[in-house]
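These notes open a run of structures that come right after.
Two complexes, one shared chain (chain A), two partners (chain B, chain C).
Here is the complex of A and B:
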């Protein structure tokens, strides 16, 4: 693949993702303002916005990680540009269909679409339901082809055992060394492929019910299991793609030796691959018909999937920065804050995934609190770090960022302030997914307003970073 | 080309006349968790706001009219029978409100005497001038039939908790187990509910035997394992195929 076309495709992806991101943040701020009674949205309008915001965010930050590894993998393997272009086209079409279904058709069942709600009683245009599901098909096809394509390319150079770094488990210095980028990409791609296959089955069952005219009805428990098998898995695997970029770039931009795959890194990521598959059961604690055994598996898998990978990554980053002279650029600052966000959000998630706590925290704002922490202050920052680094590559120099401290301060205050308001409200039992809070939740509107203020500060930081990235990305199109 | 395909898809979706299948009747879901209208009531104890009643204990509200030749009397009789049989230790009151504007308090008291409902003083009978507000707050829509000189209406029992929120609604003549659930609901107890497998539900996760109350894993659970099996199969297939690809690459390099 020509380096130039790779640059152009990557730059296009970055511009598309960042534009959608900024719009989706504005949707998020409007929702918080509505919850704070500072701005008036109709209820269907709120839920249509929430559905668009949720799915757009999940979609763009899943592909952002793919964009990063797609670019970085070219250091080790051949990657055909057509895969990325194919996924780009499908993502743009899928997103357009989704937005049409939600904003024109007023589809508003949330990003996990709350089966059987869209099928039994629709409070929106009739055509919006199939259009919403077809938008998922289009997005899914694009990403499935891309993920399988990348995995095939990895396997053209590394055997499956090598891609999983199993040789590192038995030997300290194996003949073939697996770079961490290959290991984490393989593990994450397999997870993404699995979650997309779950989505295929889920959508097939949904369409079967929709078009059967009542002859076939799905089982609610099965559908809920499938929805979270897909949703939880893809959200987590996307984050791991961001981490793959961190493993590859953070030492490099800090002028430190590259991270190596050791036995414990290999073991941790293999554990993550296995355990993440059953962690989603923690979304079904309130489903009393689900056997108790599966609920326990959900709790244990939540610990085993996250702790080893978090442990080795935090340890590696700590060793990298501790008492070392690091050249801090915006890239490694973003990676570093991202690790903090990922760990804080991860602890929030584990608190919620513990059955005894879930009884109190289930469906409260604690849930958006933890997933916004490891997304907005975790994965987003990993990917932004890559975007910033690659934009510098396009412009030919890793120059010092203008007003770096201001950007970092705005990001920290805005981002952590925004999620703190969710945590405080969640701890106070304020429910999630309420367009307006009942009078009983006295503190909820104030926390929503403050959340909106902090989110605006976060937005300003993102805009400043984007403007700088954009200026440099444009050079990818002009350079020959 | 892409644009054309996209428009075609939208057109297809517009014109596919699919009837989203309504399996469930949602009338009992309407206005759940909403507040009941706090109307002025006229009772044998004098005028009072509805909130004065639910502030002291949760209430069951039954909407009836005294001239009813249809369901009202059997409905109240069955409710009173069920309450007696259930003999619940929970504290609650029953409020019978007439939705017929021409009903007077004495019409309702006659009805009580005829049916023998209020032996323990648990029942309150009331009329209200704000019946439209009350009806709409609970999603109740009686229709006057001028030929029969009767209201066409459901038998509706509404469970209100101590904060005045509608916790549960029951339409029709219902058994003791439903009443028990309603009493639990108005005391803010969580009621687990789950649709039983039906004939057209081919992929349920469990089969349930109502006779023994036992459930067994069913084919639906296998569907959960299917993606793992398919992914495993795909990866295995790729791993086997990739041996050839690597060999080809190595040969190519050697050449």
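Here is the complex of A and C:
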């Protein structure tokens, strides 16, 4: 692949992702304003917006990590540009179909489209249901082809054992060294491929029921397990792709020695793959008919997933920075804050993944609190760090420090203020996914309004960063 | 202090500690290059950190797992069984089994105070949530209402009063208005 086509495709991806991101943030702000009684949306309009907001965010931050590793993997392996272009076309078409189904057809079953809600007693245009599911097919095909393609390219150079870095478990200096980027990309891509395969099964079962005219009915518990395996796994693996970019770039931009794959890094990421594929059971704690053993697996896997995360990745970043002279740029600042947000969101998630707490927190605003923390203040920042770094690569220029400090301050105040309003309301038992709050939740509208204010501050930071990235990305199209 | 306040305090404490550690780590990186000495014996410290974290997690697991709702009052005979059938956007509650073909519920449900009660919760259409709130709008306990399955939720109400049931699983545009109540006395 030519370096120029890689740059152009990457720059296009960044512009598409950031445009959709800014629009989806505005949807989120409007929803919080509606909950705060500051703005009026119809109930179906609120839920159509909620469905669009959720799925758009999941979609763009899944592919953002893919864009990052697609670019960085070219340092180690050959990556055909056609894979990324194919996924880009399918993502744009899929997103357009999704938005048409939600905004024109008023499809509003939520981004998790929990079976059987999309199929029974529908309260939206009849055609919007198949259009929504076909939009998922289009998105899924694009990502599956890209993920499988990248994994195949990795396995052309490294054996499966080497890609998993198993040789590092037995030898301190093995003949073939696996770079952390290869290891983390392999683990994450396998997770993504598995989640997409489950999505194929899920969609096949859904279509079978939809087109059978009532002759075939699915099992609710099985469908719920499949939905959360897909949703939980793809959301978490996307975050790991962001971490792959951090392993590759953070030492480099901080002028510190590169992260190396050691036995404990290899062990941590292999364990992560197992834990993350079984942690999704924590979404079904309140379904008491789920076998008890699976409920226990859910809590065990959720707890022990934190060991490699905190003990290896976060600790490595701590070792890299602590008492070492670091030349800070927006790239490593974003990586650094992203690790902090990831850990804080992780604590919120761990609390919720404790079965005895889940009774008090399940489907309250604690849930969006923790996933917004490790997305908006974790994964998004990892990917933005990559976007900013690569935009500098395109243009060859850096931003002045004062402008960086302003952006960082707005991100911190806006981001953490926004999620804190969710945490406070969640701990006060306020339900999630309520377009308007019943009178007994006295503080909920105020929390929603303040959440919207903080989210607007976060949006300003994102806009400032995007403007700078956009200015630099444009040069990718003009450079020869 | 109730469970919700305890959870919030634990979280806020973790939030402050993590933020402080990151701030101090950042501050330590602003030193001049010649004074950079990094962290001593990082592998050893990482090992101790992992051991400490593992011990904390194992203690938390052993303390919290027995408190899971599946084991609550499982060794006691419920003083009352309440059947709950949810459907968009109603809860039918009855002390008799509900006919799914002609669902109907009792006008009011009275629960005895201080005695275990079992709710047998199912759904006649889509997934719903069965969240029980006290008169202070605090979530007491909950389970899911899933079509084709019956979730059995056991609880003992120690405080008399009116309790509200809210749907806690998104079930359609009128989801926030799906609610009912019962009395504990």
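One rule holds for everything that comes next: the second predicted complex is superposed on the first by the 473 of 480 C-alpha atoms of A that agree within 3 Å, B and C clash if a C-alpha of one lies under 4 Å from a C-alpha of the other, contacts with A are read in each partner's own complex, and residues count from 1 in each chain.
The rule we apply is simple: contacts are C-beta pairs under 8 Å (C-beta built on N, C-alpha and C of every residue); 3 or more make two chains touch, one makes a residue touch a chain.
These figures come from a predicted structure and were not determined experimentally.
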{"item": "Superposition on chain A - do chain B and chain C clash or fit", "value": "clash"}
{"item": "Contacts of A:424 with chain B and chain C, given as first, second, both or neither", "value": "second"}
{"item": "Touching partner for A:219 - first (chain B), second (chain C), both, neither", "value": "both"}
{"item": "Partner chain in contact with A:323 - chain B first, chain C second, else both or neither", "value": "second"}
{"item": "Touching partner for A:152 - first (chain B), second (chain C), both, neither", "value": "first"}
{"item": "Partner chain(s) touched by A:120 [first = chain B, second = chain C, both, neither]", "value": "both"}
{"item": "Contacts of A:289 with chain B and chain C, given as first, second, both or neither", "value": "both"}
{"item": "Partner chain in contact with A:210 - chain B first, chain C second, else both or neither", "value": "first"}
{"item": "Comparing the two partners chain B and chain C, which touches a greater set of residues in chain A", "value": "C"}
{"item": "Touched partner set for A:82, first chain B, second chain C, both or neither", "value": "neither"}
{"item": "Listed stretches 9-17, 45-53 or 81-89 of chain C, narrowed to the one that overlaps chain B", "value": "81-89"}
{"item": "Shared contact residues on chain A - chain B and chain C", "value": "116, 120-121, 219-221, 288-289, 440"}
{"item": "Sites on chain C touched by chain A in the complex", "value": "3-5, 7-8, 10-11, 14-15, 18-19, 21-22, 25-26, 28-33, 35-39, 42, 46, 49-50, 53-54, 57, 60-61, 64-65, 67-70, 88, 125-127, 129, 131, 133, 137-139, 141-144, 146-153, 164, 166, 168-176, 179"}
{"item": "For the chain A and chain C complex, residues of the former touching the latter", "value": "43-44, 46-47, 108, 110, 114-117, 120-121, 123, 219-221, 224, 264, 286-289, 292, 295-296, 299-300, 303-304, 306-307, 310-312, 315, 318-319, 321-326, 328, 336-337, 339-340, 343-344, 347-348, 351, 354-357, 359-364, 423-424, 427-429, 431, 433-438, 440-442"}
{"item": "Residues of chain B defined as touching chain A within the complex", "value": "2, 6, 9-10, 13-14, 16, 18-24, 26, 163, 192, 194-195, 197-198, 200-206, 215, 220-221, 223-224, 226-228, 230-231, 234-235, 238-239, 242-243, 245-246, 249"}
{"item": "Of chain A, residues touching chain B in the complex", "value": "89, 93, 96-97, 100, 116, 118-122, 126-127, 129-131, 134, 148, 151-152, 155-157, 159-160, 190, 193-194, 197-198, 201, 205, 209-222, 225-226, 229, 277, 288-289, 440"}
